[in-house]
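In the two complexes that follow, chain A is the common piece, with chain B as its partner first and chain C second.
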Partner chain A sequence: MDIRAQISMVFHLDKCIGCHTCSIACKNIWTDRKGTEYMWWNNVETKPGTGYPTRWEDQEQYRGGWELTDGEPSLKSTSKAEVFPNIFHHPAMPSMDDYYEPWTYDYKNLFNAPEGDDQPTARPLSMVSGEPIDVEAGPNWDDDLGGSPIYAANDHNFSALTPQQKAQLFAVERLMMFYFPRICNHCLNPACVAACPSGALYKRGEDGIVLIDQNRCRGWRSCVAACPYKKTFFNWQTGKSEKCILCFPRVETGQAPACFHSCVGRIRYLGVLLYDADRIKEAASSRDEDLIEAQRSLILDPFDPKVVEAARQNGVHDSVIESAQKSPVYKFVKVWKIALPPHLEYRTMPMLFYVPPLAPVMSAKEGDVVSNVSKGLFHDLDEARLPLEYLAKLFGAGDTGKVRFALKKQMAVRVWRRALTVGDIEKSLAERMLREAESSPEEADAIYKMTALCTFNDRFVVPPAHREMAIEMMEDPQEHKQSAGFGFLSAPKRGS
Partner chain B sequence: MRTYIPIALRMGAAVLITALAGSRASCAPAAEVSDDFRQNCFSCHTIGGGRLTGPDLKDISKRRDGDWLLRWIQGPKKMIEAGDGDAVRLKDEFRGVVMPDISAMTPARAEKLIQLIAEESAKEKSPFKGLSLIDRPLLPSDAVAGRALFTGDVRLKNGAPPCISCHSIGGLGGVFGGGGLGPDLTEAVSRLGGDKALAAWLVSPASPVMRPVFQRRPIDASEVLPLTAYLKGAVAKERPTGAQARLPFLIIGIMSAMALLAAFDAMWGKRLRSVRRALVARNGSLEDRDE
Partner chain C sequence: MTNAYFDLFFFGVFPYISLAVFLVMVIYRYRTREFTYSSLSSQLLENQHHFHGMVPFHYGILAVLTGHLVAFLLPQQLLLWNLKPLRLYVLEISTFVCALLSLFGLLNLLVRRGVSPALRKVTLLSDWILFGMLLVQIALGIQIAIFHPWGSSWFAASLTPYLWSLVALSPDLAFVVPMPLLVKAHIVGAFILIAYFPFTRLVHVLVAPVPYLWRKPQVVRWYGSPSNLARGGRLP
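== the complex of A and B ==
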């Protein structure tokens, strides 16, 4: 056993209102520099939709993640033999158009335009070339448009649906959409780290945050091709790659990352998981249908004395173990089992988990009248607006069972709380639903509390980073007095 | 304290080296000028050894005007272009072979060379009388060994590049022939004025391109004879000329380019081109839909 700590995340999709506050918080802190305008380390996608970059889930084209060859995971994007011939031009590199060309507006013209017959306008200007452009796409193009004909209709996850299911999803009275906020998953088996020819990417030993060393990065962009979630980006100004850093300067000072902190819907949870690093390869080599269980088995019980002892021997600080015991993520993923990893079939073992969303009640159209046809609060899961197969493709590695379990438990919790607080549902019915969902009134109350009444400290259990200890081991802490802050100590230059 | 010792040592060594260099410099001029002659003149000229590629220089200052000689050494080409009578006559006499311009030839340097020639002319047996390399008849086996040296099948002893890297000869090497940097050597023997002259040339090639290469890695004395034999025996084969000669090369070039492109296509043909644009193009733009 090689027990390590990983800062992990849960996004509760039923709470996301799609306001993009997280994206803006991140952009303002990290990616408002020249060369990074097109990057959205945090972005919010409307599903069904093609996302950002367009159709990133289509690994036939983007070739990200891992595939099994002879039972062993190997990179889809490259191999030892391919690194050299492709080093100056990787064949699976998305173009800027696949993200979008960033733009601003010619605001000056509104003030400086000469007098004329027409109102002056502010034309869109490319933030790359500075020339006027016709805006064709953006990072959240067709936002809130679940049934849009080009982007929503080409959602890659529809490959799991029958043509009939897909046609139903696009019928006006059955339209459905939900939001899918994404950041770097800080994977246990990161393809970006494995692909880097310069060894510039690394996963921090103490908390599992995946980072790119800006001094070692040579801009080969292999990480961009290898990451199946397309969450590493190439900075065309510095000639280096960049990615979400999970706001480690904030995390190290006990604050939640900016996107977590600013989340209006309070959908985000952060906490430490203890995992067994020795068994990552074994788990990543599992068959598709066993992947979710294999990943769950990597995450260990922080209350188990054996695990605690092994973690301690491996150098995990007591305060981090304590933090792991309070982790909301552990509860969502391992205890309640209602949070699932996105596209685990890419085998990078993402450590960001999603609570799948419930669908609105079903409507039917009779003549010109659209009315509710669902009995009770929810519609039957198998006939819901959003087919289970769709969510299973997204969060279950194709296994509808895991998604069904998560949705059933959430529905049971809501019915149980409705029975308690409103009382228009028989308590016995609610208890039966809980039993069917393999839950209990106690667990339902705990889920309810963590979902609806959660405070800042419930949602974000940030482990102490003990930076002071790390620094004291190597140098005099006074040496850095008044010299800390954001920025490059030596600014990276293109070609340096 | 530790650091002072190596510094003192180094300073001592530096003083020593400077002193040695100084002593060498003091006796340099004589050696320098004879080196200069050996490297730049000796491949074509002897002093009292008879005519090679160029004339015998014995008592040249008695036969030629001093000023004319100075100008000639500094720029033979310029003088021929200027139409100097003696210079043009020299060119005709030596089958159109013109003495190469020697880089950085200053009046002082030329003066020293003339002085050296005068001194050596007075001697009974000058070291520049010429080499007696060709002291036996050339055998067919020499030509075979020479061919191996020419093509580089056998490496030149001192590590100089084989002749074929810059020269072609008598259709050797098929379509590609030899290198194109230097002239074709098929007629080299007659052009330089006989095998003796050629052998002298090979000892220290004096052309501006060859000199810097062969100065440090000269052709060994044992290699001169076989090469001379081979060059002498080289006979011009019937070779197509002009556009006809270039045709096979052109065809081979086009075919290799195609093969290279095919290889590129096999390697990168499936690369990711465009996802979003292709998607929009496949599904038609929204405007098309409204119509």
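== the complex of A and C ==
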């Protein structure tokens, strides 16, 4: 056993209101520099939809993630032998058109335009070339199902649906959407790290955050191609790749990352998971249908004395183990089992989990009467507007069972709370639903509390970084005497 | 004779200046501004034309440079190989094709950068100068191959001794001075390129990721690890 700590995340999709506050918080802090304007380390997609970059989930096109060859995971984008030929022109590298060309507006013209018959306008200007452009697409062009016939209809996950299911999905009275906020998953088996020819990408041992060493990066672009979630980006100005850093300067000082902190719907949870690093490869080699269980088995019980002892021996600090015991992520993923990883079939072992959204109550229109067609207790799940197969393709590695389990439990919790607070449902019925969802009133109350009444400190259990014990004490205190500051002092200027 | 002084400077002195500038500046730049060691790829901004430029250029130029290197390191073996005319023709023609390939690629890259307003934004003046120098150098090489053929033999027989005399720190200009003007220009061009190398994007050649071939797939860095401490204990 090689026990390490990983800062992990849960996004509760039923709570996401699609306000994009997270994206803006991130953009304002990290990606408003030249060369990064097109990057959205955090973005919110409308599902069904094609996402950002367009159709990123189609790995036949983007070649991201791992595939099994002879039972071993190997990178889909690059083998070791291919690394040199791919260096000149990476065949799986997306171009800016796959994202969008960032633009601003010619605001100056509003003030400086000569007097004329018409009001002056502010034309869109490309933030790359500075030339006027015709805006054709943006990172969120299909927000709230805008342009569904083009965008939502091309959602890659529809490959799991029958033509009938697809047709039903777009009938106006059945229309359904949800939001899918995405950041870097800080995977346990990151394809970006494995693909980097220079070894510039790395996972931090202490907390599992995946970073790019800007000094080591040589701009070979392999990480951009290899990440199946397309969450590494190429800075066209500096010639270096960049990615979400999980706001590590904030995390190290005990604050939640900016996107978490600013989340209006309070959908985001952050906490430590203890995992067994020795078994990552074994788990990543599982068959598709076993993947979710395999990943769960990597995550260890932080209350198990044997695990605690092994973690301590491996140098995991007591305070980190304590954080792991308080971790909301552990509860969602391992105890309640209602949070699932996105597209685990890419085999990167993402450490960001999603609580799948419940669809609105199903109803059918007969004549002028809208009637509830629900028959059984959980009838709505299988007859939902959004077919389970769709959610399973996203969050279940194709297995509807895992998604159904998560949705059933959520539904039972709702009915249980309604029985308690409104009282128009019999308690015995609610209890039966909980039993059928393999839950209990105690667990339902805990889920309810963590979902509806969670405070800042419930949602974000940031482990202490213990920097005071790591490096500063070993450094020569005189090192920076009489120098202007510390670290990376020259501006990240392009080229020679 | 001013010509003699020219020859002495360009073939006896300038090579050392050029190599000294190369070595000092390459190391200095790596140590002070490692950040600038990048391929400065522009594939993100333009992905189609990129293939038709980068791939022929790189394969072509690598093959041609390998040819030069072989003539420098293994002149006798090369001369032995060239004893049979057929083998000489095969070698000459295949290197010539590679040279044309690199020229074709470079021209494509120049057009590509010239045409796109976005790419012009990421092309520095030093890039344009470098592309111009590469173009001249490749064009000179191709002209030499046409007008003074069988270079693989006469390079190995007469220029390799000159280059080794440079290495031995006693430049012997006897073979260089009578060379045709095209060849002389090509040699001077090469040393100018070597001197200009550290100030351009060419430095990416020096950080070709060879260790990738044997390293483990996943990279983990520990904050207090010995290797991190060895790097001055600072986070990268």
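Simple rule for what comes next: the second predicted complex is superposed on the first by the 458 of 496 C-alpha atoms of A that agree within 3 Å, B and C clash if a C-alpha of one lies under 4 Å from a C-alpha of the other, contacts with A are read in each partner's own complex, and residues count from 1 in each chain.
Everything that follows uses one rule, which is that contacts are C-beta pairs under 8 Å (C-beta built on N, C-alpha and C of every residue); 3 or more make two chains touch, one makes a residue touch a chain.
Predicted model, so just to flag it, every value in this text is computed and none were measured.
Taken together in the superposed arrangement on chain A, chain B and chain C clash. Contact comparison for chain A: of chain B and chain C, C touches the greater number of residues.
In the superposition on chain A, A:Ala339 makes contact with neither chain B nor chain C. Touch criterion not met for A:Leu273: it reaches neither chain B nor chain C.
Shared-chain residue A:Val316: touches no atom of chain B or chain C. When both complexes are overlaid on chain A, the residue A:Ala25 reaches neither chain B nor chain C. Legend: residue contacts after superposition of the two complexes on their common chain; A:His89 is shown touching both chain B and chain C.
After overlaying the two complexes on the shared chain, residue contacts for A:Phe234 are found with chain C alone; chain B is out of touch. In the superposition on chain A, contact of A:Ile447 is made with neither chain B nor chain C. Of the two partner chains, chain B is the only one that A:Pro149 touches; chain C does not reach it.
Working note: chain B versus chain C after chain A overlay, options 201-209, 219-227, 255-263 or 273-281, clashing stretch identified as 201-209. Where the contact sets of chain A with chain B and with chain C meet, they give residues 89, 93-95, 97. Within the complex, the chain B residues that touch chain A are 267-268, 270-277, 279-280, 283-284, 286, 289. For chain C in complex with chain A, the residues that touch the partner chain are 29, 33-47, 50-51, 54-55, 57-59, 116-118, 120-122, 124, 126-127, 199-201, 203-204, 207-209, 211-213, 215, 217-225, 228-229, 232-236.
Chain A meets chain C in the complex at residues 80, 83, 87-90, 93-97, 126, 128-131, 189-190, 193-194, 196-199, 201-206, 213-221, 224, 234, 236-240, 280, 467, 469-471, 474-475, 479, 486-488, 490, 492-496.
Residues 50, 53-55, 58, 61-63, 85-86, 89, 91-95, 97-98, 136-137, 149-150, 153-154 of chain A touch chain B in their complex.
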